[in-house]
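We call the chains A, B, C and D, going by the order they appear; numbering starts again at 1 in every chain.
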């Protein structure tokens, strides 16, 4: 994109992309919700949703319809405006990164030459919504959850950035399509294994998934930052969480696992490979969640500041040296 | 005790006054949407993580691998009352607990249902004795109850039956569409 | 203890946090009022009584035999162990004879019940730490025990099986086969728990060094059971004041080293293995004969006080009964183990992070209606 | 500590201790205490390494009897002490010596109305606030029996 002048075609493309993406976010939440429950059931040697539709596949749709019709409660002492705003604030920024994700060679919303930076910038807004939710609820448990979330996100943003930068040093581009194109021969998880591992750990923490799900630690803070949210507000938080998972896994796919590359990946068929890889990564996150206990908050911070950030810094320096020498 | 009675009366009045308006809101004016909504509500009853006494263990057992309430969509035990549809009163309610229980009920958003699980919650059970000074004899004195599951404690299967009964109450049908009737139960631990 | 944070911030930044009576990690209807300084709990005040069911008052208003069902409803996870204490007390006071076979059956069922109680305890404990799956495996194993006990007692949870003079129903070959099958299965499952939970790095990091109880503290608060044995003190009523036929079996008392949450967890796991040993020996040595001596219609006990102590799943359980020559107790005091095990919480958890408080409290393995009685 | 040894030591320390028939009553040593001896008794026990088992009361005429039971971790030695509540309705607290007695004392105050003087926080523990003067375990008029009738008479100091 050399010029910022948009043609009618570009605008139309973005509008269509936006509509598709919003529906993708909802569909993703339904699929992931179902897969998570089924996978948890599998791990725990039970059936999971079974009776509602074949193998329970209608369960999540019915849950969704039910939750829309629930009464919306705003607690008496809550900040009404912020309380209502927070779920929307959580939902909006998670849609935007989808615009620049390269689903296949020609299937993408828009290829910005600073795509990676855009994703990181936009997805950081999410933490603000959690903070607003916790603050507006006027509930001590919510407040704990949101404060934990803020410090956790700030801590884990840094290793994410640093590990992504070491890939950028190799590819010399921030464009998502450019990074995918550079992985034609070899995936970057082999070129940058340290960055890959650091990114996956930090991404789990960034999306507040177990074992780093401290903002909504059930046994400590009941439901954490969304303790006071009922009905649709609550479901928006859940949808945003799944969309966030999709985003970080998509970024991991693009940067480390070859994006849409794969056998028979033509102009559009690459999207299948892309989605397959993303969902595999997400299932790994689900797998981890149902296996491990939760870490303590100071341990979480120690992991970020004492291990992940120094290691990613060293990794970045080494990468820079090698790239410079070659 | 006076205060508790006043509070209970308030909850009862409120639930009667609001039930028509809040059990689905404006959607109730369209029969078809109402029916669809009822089916959805019946198939997705999220209980509150709330155990009082012995029955709580059987409630947990109902959610575990052998019985698995999740099959009927009653899987998601939410720790916060705001996100629940179903309050399972699983055990003895004492005089000290009564205000907290009523607050929990009040915190739940409409539409909401209550299952009184076990004899203690139904009538005070074995603790309905002459010198009773602390046990509330029946949780329906405090909050409106939809389904009673007797037993001391009831088996997990009885709780599942209670949930199916509640589904019948909500949707008018024992296995509301799209639920299928469960096939033969699988024997998990065969007798050696 | 004044923490570093307290020196910096001072008490004016403190606020109250109310945990419970409905909270996922209080295991029931316990309420804890915390005075928090950030995430540090600086003052802890447990509020009991949300499950107070007047057992002691009820005992005074009904015949001795009428209290059997209540014993099973105090500690619903270890109901047989609680009725063992009560029945033992009545037998001690009345001098009733118990057939040997009945004593062996009592030991077998009591130890099975202890295993099922420990399984719930450790499952719920790991759930407190945020791992969902182990509790499902634990319940899966527990269901096998419940099946067995249900076949001979008729109920899944609140057993009312022991009577003065024996037990209500004899065990049959099916029960013995199932019990042996269960021993094999449970032994094969214990390494799985070790891999999944005990050797888990996050679990170790969360529990090691959290909530250390030493001997002095245990004496001052009267802590007993696995919580005490985690601190390295091998006090077990089954060994120190043997009741029933426990003196005939060969078993060890597992003890911990540091007295922290991790040790308490490990002690419970080891106790499962020891209980399996006892059951195996009891099954091998099971004598023939009747299981019940025909009881008198109405039990009347002489005046005087009498004490009977047993090792329940959570610690030493004492019944102290004062009789007055009639067929109802004059006064029945029940010393429940969780009550004393919970009481050090304010001292144990002062200055802890909220997460550690949940860890330490979970490792005490509380049953709240037992505490409140 | 062996129970026979404990009886000798207790008598040396000035408490009226006797060995009990453990197979009949379930404890090894009985001690008949005066209301003023409770605190020295508790201090002695703590220094000898005993732990507190429980503390409770029995309502009888002429006075409520307080029951203290202690046991030892290392040896089978269960000490049972009985105190007759003085007319003032108050006895000394031992909750600063044995912190575990704190809750037992609060519970006894809930159920019997016994006041433990010197207790730092004698508020209702089990009962709710409106029932704090209910005293549910006190016997009704007519149901109360004398100490001799319930077999506790010979243990009173």
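Here is the rule we use: a contact is a pair of C-beta atoms (placed from the backbone, for glycine too) under 8 Å apart; a residue touches a chain by one contact, two chains touch by 3 or more.
What you see is a predicted model; the values in this text were computed from it and never measured.
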So the chain most remote from chain D by C-alpha centre is A
By CA centroids, point me to the most central chain in this structure.
-> C
Could you quickly compare B-D and A-B and let me know which has more C-beta contacts?
-> A-B
Using the average of all C-alpha atoms in each chain as its centre, how far is it in Å between chain B and chain D?
-> 44
Please compute the C-alpha centroid of chain A, do the same for chain B, then give the distance between them in whole Å.
-> 35
Taking each chain's centre as the mean of its CA atoms, how far is chain B from chain C in angstrom?
-> 29
Per the C-alpha means, the centres of chain C and chain D lie apart by a whole-Å value of 24
Listed in rising order, chain C residues that touch 2 or more other chains are 23-24, 49, 52, 54, 57, 60, 136-137, 140
Hey, what residues on chain B touch two or more of the other chains?
-> 64-66, 79, 96, 131, 133-134
Residues of chain A that touch at least two other chains are 44-46, 218, 222
Interchain contacts (touch definition) - all pairs | A-B, A-C, B-C, B-D, C-D
Within the complex, chain B is touched by chain C residues 21-24, 27-29, 49-54, 57-58, 60-62, 69-70, 73, 76-77, 120, 135-137, 139-140, 143-144, 147, 156-158, 174, 177-178, 180-181, 368-369
Enumerate the contact residues on chain C facing chain A in the complex.
-> 15, 17, 23-25, 36, 39, 126-133, 136-137, 140, 196, 200, 202-203, 205-206, 353-356, 358
Please name which positions on chain B make contact with chain D in the complex.
-> 1, 95-96, 131, 133-134
Could you pull out which chain B residues touch chain A in their complex?
-> 22, 24-25, 27, 36-37, 39-41, 43-44, 64-66, 68, 70-73, 75-76, 78-80, 82-83, 85, 107, 109-111, 175, 178-180, 182
Residues of chain B touching chain C in their complex?
-> 48-54, 56-58, 60-61, 64-66, 79, 81, 91-92, 94, 96-97, 100, 104, 126-127, 129-135, 152-153, 155, 188-189, 191-192
